[in-house]
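In the two complexes below, chain A is the common chain; its partner is chain B in one and chain C in the other.
Take a look at the complex of A and B:
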């Protein structure tokens, strides 16, 4: 029983990372109806930026964290402005190919930057390798602080995002843009600028995910492939739903953790994909998804 | 521009539109036959690879370029073909039977992957194919008895009717003949009702459906045919590369296949051949150019992905019809020489239309 709980907690922590990446997909999908296949690679860049800020520049953890998030937001907005805005009005496949290209490019470029390179680095966070015991040392539930930080940070971030979308002018403008660009434009919302901000927000969230994940998996050029597991998370939750992304991420994380323990070797890596295929066959719109019917 | 006044039905369905085309394709055929005498052994081997990849890209083009269904797991079909061929050959099947069998096995896998396509579409379908690609890769790793697992599997010598095809020249001819047959097959398919249905589905699923096209049926057929072509290429790939391991058929391979098709030019048969040809050419240029670059840049492993990433981004931004589109523009420019206008191939822009009902 304790073991099961243990597996669920560590699964939930990884699930939160998936949820954060999936959140990035969902925001962009809601706003522009396109999918960003470079989301995981953005996360990888965030890991390297945080690493550079902490080890090369010698900044304290919190300052490095904040700087990375700001840099990621700027990177996201810059990407939108430079390569994605010219594609506005093209079929969704164009965007998919563009983001695949961006991800491919990012993986190549990162290995060419001095110090980053092809090696794996470890991010020296202050809470590394610490554990907390719940219910008595040595016999209770043991949770590593890294996992705990991930879960808490995700909860806080999702709550903030909820408040942002519910109560701020910009949040409501983003919702309007995501539902109907033309109508939003007529209502005086600067649709293009809002799109740019959404890209910034999405990649900032990715930055948070990257920095939270880095202490567990190390920072390396192929770190972004974790982002592919966020697709199942987003689909299970229902693409285009913010609570869905969170729930989907948790489901995928926990299923993966349990499969890794109870099923033969190799099942851990594909558990997420099996879940998503079952979901697509049973309920393609996901748990919280909108009804997808095309208007003629 | 060449305007043809058609007076007979045969003219409308002929493969070559006019005598100029017939001449140039005949010249290409002569060049293909003469290639082993003209090219070095290494170059010939690269050309053989281009032929193999052209067959996969042809399948992917049929699916992505003509039916509008994007597959992010195409390397899985390639793996099915390669491992089927390796297994059957080891069990004494002759190539003439094991090749169709590889295509069949891959095609059946394609149908299985096409099944979710009956319910989902667009991006959801891409994610389903992505998931299938990962699962297939894992299956290949796990089925050690057949595939040799991560250690890889040796592929035996290829002989057909007593003739040794492992020799570079003979294998080149084999690949070329199969590639040409595949191209002719796809060309004919596209002129048939099935092919027309594919294009209709690509352009608008709703209007295709209202014209009486059974979406589920045709999408499954597209997946099956596309996978079968990948299976044929996989069988040839296995013989070309001799040792097949699961990591040759991973997600990156699928992405690179898709990149080749987009660089070549979506929605054109020529694009499926231009894509891999260009890919191998650039790869070769990078390998040769490395020595000229300063070592700090030339020795980087990331150089190749960076260059291909930039090429893909440039193609998507500036030339959505790919290399074939560029060639088409250049040809039109020459044909109507002083009268070429800038906007002749302009893309139509439209407001984003939501697929959500709300």
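Take a look at the complex of A and C:
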């Protein structure tokens, strides 16, 4: 029983990472109807930026964290403005290819930067390798602080995002733009600027995910492949739903963790895709997929 | 032309196209302040294109558009909304997952943030025109009926505090009773708030009943314009737009009458 709980907690922590990356997918998908396949690579860049801020510049963890998030938001907005906006009006496939290309480019460039390179780095967070015992040391539930931080940070971030989308004018305008871009133009909402801000937000969220994940998986050029697991999470939640991305991420994380322990070796890596296949057969729209049709 | 001194909106020989397809070919029209002007035309005549060109969604290839003293051609849609010219699009185009109230707030997007209290009051004022929306304040707009969505679309535009509104087929997909209701409220908005209206319609009956002045658009050209009272008496309008046939005219005549626009 304790064993099961243990697996669920560590699964949920990784699930939170999937959820955050999936959230990044969903935000951009809803706003621009394209999928940003470079999402995982954005996360990787955040890992390296955080690493550089802490080890090379010697900044304290919290400052490095904040600076990285700001830098990631700027990077996301810059990508939208310089690379993707000129493609406006092209078929969606063009955007997909462009983001896949950007991902390759990022992975390649990172290995050329002197300190970053092809090596595996460890992010020296203050809470590294610490554990907390719930219910008595040596016999209760043991949770690593890294996992705990991931879960808490995700909860806080999601709560903030909820408040932002629910109550602020910009948040509502972002939803409006993603639901009906033409109407947003008619209402005088600066659609292009809103899209740019959504890219910034999505990239910043990926940045958070990257910094949270870095203490567990280390920072390296191929760190972004975690994005391949986040994609199923978004699909399970019903691509285009924000709560769906969270629940989907948690499901994939926990299933993966359980499969890794109870099933033969190798199942851990395919668990996410099995879940997606089952989901697509049982409920093709995903858990929270909306199929609202337009009335005339 | 109505003998008002200075039109609030002036289109001068405007041409616009979608790629190689020319949708409007040299349209000129004037709207005097405080009036209701209608543009009649069948499917594909270019009615919607005229409105999209005015509101900056499309850029005209030729011609000029003057709103009060500002040139509108080549301007950003958001800038045009800020000048007080708001477009109520064809087919409602509400934000389906936002609540009714959030939809209305988006109508006020171009107003400064400091206007918060004024906007809240304006929402109440708009509910006076459409009480049903008040009951649905916190429902997602996608759950409203077609007529209620049309009401929401008009209300949302009012939240921008327009001096002029462009209405694209407000009768689309509505029952005759609901169409009449909507038009009566549109007229009230015009009378009570002094909002100038340019209404594009296929339903000539209703448009000619409520508007002051009318233009008839065929294949991208204005073929006739006059006061609505005068238009209602023209033979071509009667036959081709109002569907009035005099008894026995079919006898001894060509199978299809030609339009003369005289």
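One rule holds in what follows: the second predicted complex is superposed on the first by the 291 of 296 C-alpha atoms of A that agree within 3 Å, B and C clash if a C-alpha of one lies under 4 Å from a C-alpha of the other, contacts with A are read in each partner's own complex, and residues count from 1 in each chain.
What we mean here is this: a residue touches a chain if its C-beta (ideal position, glycine included) is under 8 Å from a C-beta of that chain, and two chains touch if they have at least 3 such contacts.
What you see is a predicted model, and the numbers here were worked out from it, not measured in a lab.
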Partner chain in contact with A:173 - chain B first, chain C second, else both or neither: second
Chain B versus chain C as contact partner of A:101, first or second or both or neither: first
First (chain B), second (chain C), both or neither touched by A:218: neither
Chain A residues touched by each partner, larger count belonging to chain B or chain C: B
Contacts of A:184 with chain B and chain C, given as first, second, both or neither: second
First, second, both or neither for A:93, with chain B first and chain C second: first
Set intersection of chain A contacts, chain C complex versus chain B complex: 179-180, 182, 290, 292, 294-296
For the chain A and chain C complex, residues of the former touching the latter: 169, 172-173, 175-176, 179-180, 182-190, 290, 292, 294-296
Contacting residues of chain A [partner chain B, same complex]: 29, 32-33, 35, 83, 86-90, 92-94, 96-98, 100-102, 104-112, 118, 179-182, 221, 225, 228, 231-232, 235, 239-240, 266-267, 269-270, 272-274, 276-277, 280-281, 284, 290-296
Chain B residues touching chain A - in the complex, by the definition given at the top: 64, 68, 70, 115-116, 119-120, 122-124, 126-128, 130-132, 134-135, 138, 141-142, 205-206, 251, 255, 258-259, 262, 297, 300-310, 312-313, 316-317, 320, 347, 349-358
Touch list for chain C against partner chain A, complex: 55, 57, 77-78, 80-82, 86-89, 91-98, 102-103, 105-107, 109-110, 113, 142, 145-146, 149, 156, 160, 172-173
